[in-house]
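Right after this note come the structures.
Each of the two complexes below includes chain A, the first together with chain B, the second together with chain C.
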Partner chain A sequence: MNNLFNYIDKESPVHRLTGATKFVCLLLWNFAAMYTYDTRYLCVMAVLSFVLFAVSKIKLKEVSFMLGFTAVFVLINNVLVYVFSPQHGTEIYGTCTYLFGLSGKYAPTAEQLFYHLNYFLKYLASIPSVILFVSTTNPSEFAASLNKLGVKYTVAYSVALALRYIPDVQKEYDEISKAQQARGIEMSKKAPLMKRIKSAASILIPLILSSMDRVEIVSNAMELRSFGKNKKRTWYMGRPFKWTDIAAMIFCAFLVIVAVFLNFKNNGRFFNPFI
Partner chain B sequence: MKRFSVKTVVAIGIGAALFFVLGRFVSIPSGIPDTNISIQYGVLAFIAAVFGPIAGFLAGIIGHFFIDFSFGWGVWWSWVIASSIFGCIMGLATMKIDIDNGEFALKEIIIFNVSQIVAHLISWVGVAPALDILFYKEPANKVFIQGLTSAGINILATAVVGTLLCVAYAAARPKKDSLKEEQ
Partner chain C sequence: MDTILKFENFGFKYDAQTSPTLYDINFSVKKGEKVLIAGPSGCGKSTLVHCINGLVPFSYKGKITGSLSLFGRETRDMSLFEISKHVGTVLQDSDAQFVGLTVAEDIAFALENDCVGEPELHDRVMDVAKLVNIDEFMGHAPTELSGGQKQRVSLGGVLVDDVELLIFDEPLANLDPATGKQAIELIDELQKKTGVAVIIVEHRVEDVLHRSVDRMILMDKGRIVADATPDELLSTNALIEKGVREPLYLSAMKYAGIEVTPSLRPGSIDTVVIGEAEAGKLRDWYEHAPADRKPAEAEDILDVRHLSFSYDGTRKALNDISIKIKSGEMLAIVGTNGAGKSTFSKVLCGFEHEDDGEIFFEGGDFKGFSIKERADRIGYVMQNPNQMISKIMIFDEVALGLRSRGVSEEDIKTRVEDTLKICGLWPFRNWPVSALSYGQKKRVTIAAIMVLEPKVIILDEPTAGQDYRHYTEIMEFLTELNKRGITVIMITHDMHLMLEYADRAVAFSEGRIIKDADSAAILTDSGIIERASLKETSLYELCKKAGIPDGTDFVRRFIAYEREVVRQ
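What follows is the complex of A and B.
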């Protein structure tokens, strides 16, 4: 299961933070990176996230396939933005500087390219932090720590249950799918679209019906053990906060404050070098 | 049944697990390059119809969060939120349908499908693009076309998969008043 979520077990300051801390930091960090379009600040955050990688002892090689995924994704998004809105930069920055002596709707402008640079930097500032979170947070500990953040423990327990049952559901899906394929069900490109969806349903119906039985069994077992009777519960994987946790959260809150401050200073979310 | 009981907690967990597995490992090519049919929304609509809006909301948010989490391409908050809103709306719209007592005939099928179409449109053409623009300042026409495409595919998948699941589940449940006391 840990494999599924790319958790890499190591001994480092980042790993020692509790899951709750890392989740709060991730939210704050992503908020800061989403909020600002200030090129300079995005550069700083991008560099910082690679520094964090070094601190966490996660090697880039270990997460290279995730970075590859992201790179393709970013590339597709950039192309889409350009195709749909080649003058988006001009709309944002208010000026229009054609490059290479070309002009027309799809001609490259300095503003458009600058927008794409920012767009790219935005990913560079936010994605590594997510990858870092994914590879340094034990999923079970994450579920336990949600409770600490004020999420009701019944909800946190749902998260833990989801993590517990993902491998089971996956295995069951596999078995049913193989059995149905042996009976001649086709889900690949060879079958027409509607037929493909219908074949999917013929795998899903047994899967769902057995999952509903499972819901019944598990909830009966939990009810027998008086789940939900008390206001609080303890967690096997839970860990207490240390001063490093508090420091990390304060630092990330500071990142958000800087982002908001820059918003006022730049009169908007964009840093505009064209005026 | 539709209140927040232990059963709902378990249903959210297992619903999210189903959502995750179907979204992460099951891909049915739709014919359009790089676009897969997301059958997990059919399942989410079913979970919401059986267990109510809170279950739909949480199963959507947890399942989708873990999909993004495990792909490692960054958690796409705007789309995660849109998924959970879809689950929530479906739960609200189907409050009156009592699938657990085997009630899912033509009238319920129509209610279910009309509400799933509306819910998908709200989520993918309303919420997701609006949040994309708010968070990422992407060009409006790009995100709306992406939203419309996924809304279309999801509506189709939910119409077939969701309806079939509800019908099959309702048929497997004992009907209300199916047992009579002997005189």
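What follows is the complex of A and C.
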């Protein structure tokens, strides 16, 4: 199954953590990575991310689609930052060191390049953790552990349910799209944009209508099997919290504390090597 | 307490409707009983199911009159959840009712909601999975299962609750004939093992009666019109009169002039008694029945040579397919899910591209033709009309293909109006699509394809889920188009459709064509039947009982007789 949300079943210490633990760790980890621009810290985080990948036994090849997608995104993002504020680095670090003997608004400065390095490192520290979360967390088990953390089970279950129906909807979209193309709806890049938007409607309307039918059937099927009867429910895929879960969360909390500490030490979010 | 369920002068009216859907319902179901409820679409059988499992009145609001009790308690005083402890429902569409990400979770669903803890939860799920024989697939996702396996999972999901009554709402609707037969056997076997009472709601009477039932209830227009044993009910003409198809062997017996009485045990082909007198009549009819007409010679419109295709590059979905289709033919493509029937039509329409082989249309190479260009020659109609309809008004829906081809509004008007006339939709030309019935919507989608004037039209399961009346309506319409010279290709699981309407049938199995012959020859060939997941027609068994040696020829004559004598 080629979904964006792609759980890869393996046996590893990362897989063994509960979904909720991984979710909390993900939030803490990313808060830390977003909070600081300290280059040394980000480097450590980036390295740690890849160590975690190795521990989880997820191969880079298996998540290549997501990696490629984010790589393109990061690249565009960096280019745009440079185009719109080429002097951002100078403003932050307070010095202006032109490189290669050039000068002017768009001339590269050491500060700007350093800023871009940090920016890039931030992604390097955070994106792998997101991908890792997605590929090592069984959605059902995630729903179960969210519920344990106090999220209402009806809400938690809807996560798992949505994932259950993604392949069905994908398949249906494909079929409808082909049949509509046969009737002459142009979906290829040859058609002008407005026409393509209109064409999309002629696929989406049948898709939405047939999904609505499905919603009614599912909600009946669920009610007939006691969904919503009690305030609580148990989970087939649920797992008890273990000491490793606690340890993982403590470690991530520690990362946040370090990030906050660095903030005071650096007198701000940036580590400045130029002064 | 022997009676599980009891209806007394029961009636029901939905809040959104002006007249009641059910009137004067009186019947009861005892412990361990097996009841078949049949009736045409719109007779109220689905509403009746909802009344029993509690969706009426708890999810669908309305006004109840009379009494419906479960173990002596009025169900309207219970809750939906209380009812579901006693009554398990297997819904019609096993694809959509699957709620878990895996088989195990789906079976566990009801237990989870009842807060059953470990280790009991895992143990009970395993026990039930073994009971329905799906325990080897616990970690599989629904999309990875076959139709029969899905049915087993949905059964497991309700059996896990130790219910006393199981309701099956059209269990055969999405299954191929062989899987349907297994499903009926599975239901029978489970009932014997667990002693639950079973209600099967289905209009495919002959298929359900493959295993005996205690009683048959026939419904029409919201009322029960008959409640008797199958032997009694099938001795009358009630089924035909109410628009439900009667078993084929019975039709044959009636054509032969045999007076069907309960003493002949007509409830099933296995029990029906063909004595000397009956056998004599059947042989006599067979000898005098018109012989099958020879198909007229015609040019090949489609010539497919050595076609191969694979979705993933390893498993061949189509493997060296060669077939010639004549202009003006009515052809059925049959075979189990995944045999390659749909893939074959997708490759023809250009939705997928062949890896190998050639397709010739009227002698010209099809390669290089886009989806749109092929669509001008081969029209494709999807199974579910809701998957095709994207306009509000019928006229616009039919005009869609022409508009996107840049035809002038003037021409569009005449062509759409002509097509609507041919398709019997002229009276509705200014109606919104939503006001039409399912069968009429199907017509709209066919009209939307016909307006492009293709020479060939491919229909995916044209009659799936339709009762006998709608089935006949759709098929007669297609026959009408066929007479106008359109070549009709039907992908189907329906053996009746094959027998009654297809000149020729092509059986697919594992990406190959395993037989290309007339339907009678295919449905009497046991090797092909097994490989293509079909079921032997009961006519063949009838021949054996009557001592007619050439069963295939008997089936051919039966079809010819129906076409030429009965349907005129």
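Methods note: the second predicted complex is superposed on the first by the 259 of 275 C-alpha atoms of A that agree within 3 Å, B and C clash if a C-alpha of one lies under 4 Å from a C-alpha of the other, contacts with A are read in each partner's own complex, and residues count from 1 in each chain.
One rule holds in what follows: a contact is a pair of C-beta atoms (placed from the backbone, for glycine too) under 8 Å apart; a residue touches a chain by one contact, two chains touch by 3 or more.
Just so you know, these numbers come straight off a predicted model, no measurement behind them.
S.K.: Touching A:I205 in the superposition: chain B (first), chain C (second), both, neither?
M.R.: A:I205 contacts both chain B and chain C.
S.K.: Under the stated touch criterion, which partner chain does A:G184 make contact with: chain B (first), chain C (second), both, or neither?
M.R.: In the superposition, A:G184 contacts chain C only.
S.K.: See if chain A has more residues touched by chain B or by chain C, and give me that chain.
M.R.: When the residues of chain A touched by each partner are counted, B comes out ahead.
S.K.: With the two structures laid over each other on chain A, which partner does A:F84 touch: chain B (first), chain C (second), both, or neither?
M.R.: After superposition on chain A, A:F84 lies in contact with chain B alone.
S.K.: Can A:A162 be said to touch chain B (first), chain C (second), both, or neither?
M.R.: first
S.K.: With both complexes superposed on chain A, which partner does A:M194 reach: first (chain B), second (chain C), both or neither?
M.R.: Only chain B is touched by A:M194; chain C is not.
S.K.: Regarding the shared-chain residue A:M222, is it in contact with chain B (first), chain C (second), both, or neither?
M.R.: A:M222 sits against chain B and chain C alike.
S.K.: For A:V256, decide between first (touching chain B), second (touching chain C), both and neither.
M.R.: neither
S.K.: One more residue to check, A:R214. First (chain B), second (chain C), both or neither?
M.R.: Touch partners of A:R214: chain B and chain C.
S.K.: After superposition on the shared chain, which partner residues are touched by A:S140: those of chain B (first), chain C (second), both, or neither?
M.R.: After superposing on A, A:S140 lies in contact with chain C but is clear of chain B.
S.K.: Using the superposition described at the top, list the residues of chain A that contact chain B and also contact chain C.
M.R.: Shared contact residues on chain A (touching chain B in one complex, chain C in the other): 160-161, 163-164, 168, 201, 205, 209, 214, 218, 222-223, 227-228.
S.K.: Flag every residue of chain C that touches chain A in the complex, lowest number first.
M.R.: Per the stated touch rule, the residues are 53-55, 58-59, 80-81, 84, 89, 91, 93, 95-102, 104-105, 108-118, 121-122, 125, 141-143, 157-158, 161, 346, 349-351, 371-372, 374-375, 379-380, 382, 384, 386-391, 400-401, 404-405, 448-449, 452.
S.K.: Touching chain A in the complex: which residues of chain B?
M.R.: Residue list for chain B touching chain A: 4-7, 9-14, 16-18, 20-22, 25-26, 28-31, 37, 39, 42-43, 46, 50, 58, 62-63, 66, 69-75, 77, 135-139, 141-142, 145-146, 156-157, 160-161, 164-165, 168-169, 172.
S.K.: What residues of chain A sit close enough to touch chain C in their complex?
M.R.: The contact residues of chain A facing chain C are 1, 139-140, 160-161, 163-164, 167-168, 171-172, 175-176, 178-186, 201-203, 205-206, 209-210, 213-214, 217-218, 220-230, 232-237.
S.K.: Can you list the chain A residues touching chain B in their complex?
M.R.: Per the stated touch rule, the residues are 4-6, 26, 30, 34, 37, 63, 66, 69-70, 73, 80-81, 83-85, 88, 92, 119, 122-123, 126-127, 130-131, 134, 154-155, 157-166, 168-170, 173, 187-189, 193-194, 196-198, 200-201, 204-205, 207-209, 211-212, 214-216, 218-219, 222-223, 227-228, 269.
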